[in-house]
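For reference, the structures are reproduced in the following blocks.
What follows is a pair of complexes built around chain A, which joins chain B in one and chain C in the other.
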Partner chain A sequence: MTTEVVKEKIRTFIQGYIQVPELKDDEDYFASRLVNSMFAMQLVLFVEKEFAVQVESEDLEISNFNSVNSISGLVARKNGVGHS
Partner chain B sequence: MMNQISSVQSAQTCAHKPASDNAIKCVVWDLDNTLWHGVLSEDSKVTLRRNMPEIIKSLDRRGILQSIASKNDHDLAMAKLEEFGLDEYFLYPQINWDPKSSAVAAIAQAINIGIDTLAFIDDQPFEREEVKFSQPAVRCIDATQIDDLLEMPELQPRFITKDSEIRRRMYQSDIRRNGVENQFSGTKEEFLATLGMSFKMAPAGEEDLKRAEELTVRTHQLNTTGYTYSYQELDFFRTSPNHKLLVASLDDKYGTYGKIGLTLLECNQEAWTIKLLLMSCRVMSRGVGSIMINYLRLETRNKGLRLLAEIIPNERNRMMYITYKFAQFKEIEKQGDLVILENDQSQIQDYPDYVKVEISS
Partner chain C sequence: MKIELTPAQAEAQQSFRAFVDAEIMPHADEYDREERTPPEVIRRLAELGYLGATISEQYSGRGMDMVTFGLLCEELGRGSISLLSLLTVHGMVTQALTKWGSPAQREHWLPKLATGEVIGALGLTEPNIGSDAKSIESSAVLTGDSYLLNGRKKWISFGQVADLFLIIAQCEGKPSAFLVERKDPGFSSKPISGMLGFRSAMLAELHLDDCRIPSENLVARVGFGFSHVIGSALDYGRYCVGCGCVGLGQACLEASVSYVNKRKQFGSYLREHQLIQQMIANMITSIKAARLLNYSAGYLKDTGDPDTIMETSIAKYFASQMVNRVAQDAVQIHGAAGCSSEYPVQRYLRDAKIMEIIEGSTQIQQIIISTYGCMKLARKKRTKT
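Presenting the complex of A and B:
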């Protein structure tokens, strides 16, 4: 899966939940809104299921989930890419 | 340390505790020769069994839900129930020609309660046997026992709270809400904005304690520590100068959700510690937990206090762990299974503008 495909899947998922007219990849959609528990949980489960990674307690930081870029970065790190 | 929840489905359904006692949460009625005398398809002038309206209304007031499993024409049977003024008392009536074991299973699933909390009342031994065979956990009751029904211990809840009295109506509001949500084409957030939600939180009064105990006993998936507290313990915290016990309720344009959230705080000169934060699974997509947490963050920051939270993470309350982490809590200490989190209060959002928030503590 290319990074662009990963990002497109993330965008589609996010846009089903929250209203962001044109979601930019670096846009922090949590900066201006409270996260509801259901959405937070669904987001974590989506990442685990869609990209076959296991999100551990230490990964559960909002900074890993607050933009398209940060989620795709997390996915890349969990899959062992992105490190030299 | 945290186990995975295997599917998205687990987040959507609220797993229920196995019934710890024999309490029956839903009574499923047959119609012909059970609820009424006679067979509707043969005689349109069937008459209600003696005391039937009183029995149905008493169960309803106790917070016991009711449904129907009847082999009949759906529209005719519902019209007859309406004529008797009883149609509104039944959730998800199953009036069709399918086996009654399928009907009871469908009802348990639709209401989202364990099938072992259902009772099924029918005059026909064949139907009771059929249900018993496929669904052995369902309590099958012969229609001849109806006169003693209200005295059965399984149908005597420990407490009857304000929320018990309106339980059936809350389910009916949920059915309407869910229908609208399923048809809604916008985002989840846009849907929430259409609800006209009003959130209130205040210190628990004595009259709230029964419901508070019920919440700690009924809720485990959305309970941060898994602790349950008795009425007496909660009453102690309610009046303790070192604790705050806050109860939250939610309403929207479809009706009330009742008392749906609870938090217990230990307060000292330096910090507030969230000992317990829980919410009813019916509101987990409504952002209620986040509003409670946001209030505590704002309040402690204004008072110049630290905000700590205790959690015992397990596979069932992962949603609460995530809620804390996404609300800027960080792990600072572990004591065995118990994890202590501390909040970073530097960036705190406003409440969503689509919820009216009224809080006093």
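Presenting the complex of A and C:
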């Protein structure tokens, strides 16, 4: 899966949960309080199912989840691809 | 699409049902009156592997799929909602550790929780904080290689007997999760009695007075105690409660059917009166609807689908409201007998009310479901235009 495909999937998922006309890849939706508390676990399940990776305790950094770019970076690292 | 239990699930359901009929139903009213669950009943749940139902076999659990586990919750809920609540809170701790525990925490605690050597409970609610759980006031401060916890936790199911508590406290100003053992210095519990329902769930208030725990008892990272650790525990708890409501509704229905078949008024059995038929028909239909919502939530859990979180919230919301209507009708059908200790339906009605308060009250579910629905629909509209 190319980085662009990964990002597109992430964008589509996140836009199902937040009300913004357009989501920029570096936009921090946690900081802008666009999401509710259940979104955190929905996001974990999405990443695990969609990209077949296991999100673990040591991955719990806001900077791994707060934008399209950061999730795409996490997925790449989890797949051993290095930072994209 | 195929909505059907697998042969293994159907077989498991039969064995859960037989256990509840033989060992729980005959005693549940007595435990309710005595406001206690005898230790031998907890041991029996452990022997049958029910306390480790969803823990993986690697850690001595039964490794059940979530649909099968839902069937277990339904059957236990039919027998005793208080007893189901043990499975709920114990399971919330195991779920949190399975998902977010460190390898050392998992290795140490999961086998003990699976076999019932250790009983787990969840300490989130406080005297001043309930629904707004992120704002808990208990605190945890790192001092050297231990955390010092201070605060009070209230309404903690099985808090009188549990050995291990998953406690949420503010650490560095952020909600964080910790494992606290009953034997830890500075921990004490005070029994709570006289509740409306859940009377044999052995509730307690927990006191943390400079309670010292090793620093490795932090679960996940500081600041992720509510969003992730409680996030996964609550999803699990809501599923147990949703399925338990179906079981409780089924118990109301079964008691009502038995009563209308034996009680006569105006020269005919109650079952022949059309207004009674209306109540029975509504019970049957709404219980079935709630069961299907739970099956859907369970199936989505088994497939790892993120939609399971909302489906579980919807199932819990619907099932807990449903069971309140059903339990009211069950008492109505029994008349004065239903208000007495001769029949279990008065217990069912009292327990039903609790189901609308725990694991996110009806109003909190309404907020969650409507916020989510409005976003989804707004998005659909945007993508169309």
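The working rule: the second predicted complex is superposed on the first by the 80 of 84 C-alpha atoms of A that agree within 3 Å, B and C clash if a C-alpha of one lies under 4 Å from a C-alpha of the other, contacts with A are read in each partner's own complex, and residues count from 1 in each chain.
Basically, contacts are C-beta pairs under 8 Å (C-beta built on N, C-alpha and C of every residue); 3 or more make two chains touch, one makes a residue touch a chain.
Computed from a predicted model, the values in this text were never measured in an experiment.
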Contacts of A:V5 with chain B and chain C, given as first, second, both or neither: neither
Broader residue contact with chain A after superposition on the shared chain, chain B or chain C: B
Touching partner for A:Q19 - first (chain B), second (chain C), both, neither: both
Touched partner set for A:S32, first chain B, second chain C, both or neither: first
Contacts on chain A seen with chain B and repeated with chain C across the two complexes: 15-19, 36-38, 40-42, 44-46, 48-49, 57, 60-62
Chain A residues within the chain C interface of the complex: 13, 15-19, 21, 36-38, 40-46, 48-49, 57, 60-62
Chain A residues touching chain B - in the complex, by the definition given at the top: 15-19, 30-42, 44-46, 48-49, 54, 56-57, 60-62, 65
Interfacial residue positions of chain C with respect to chain A in the complex: 100-102, 134, 219-221, 223-224, 226-228, 231-232, 235, 303-306, 308-310, 313, 368, 371-372, 375-376, 378-379, 382
Chain A contact footprint on chain B (complex, rising order): 1-2, 4-5, 7-8, 11, 186-190, 222, 279, 284-291, 294, 313, 318-323, 325-328, 331, 347, 349, 351-352
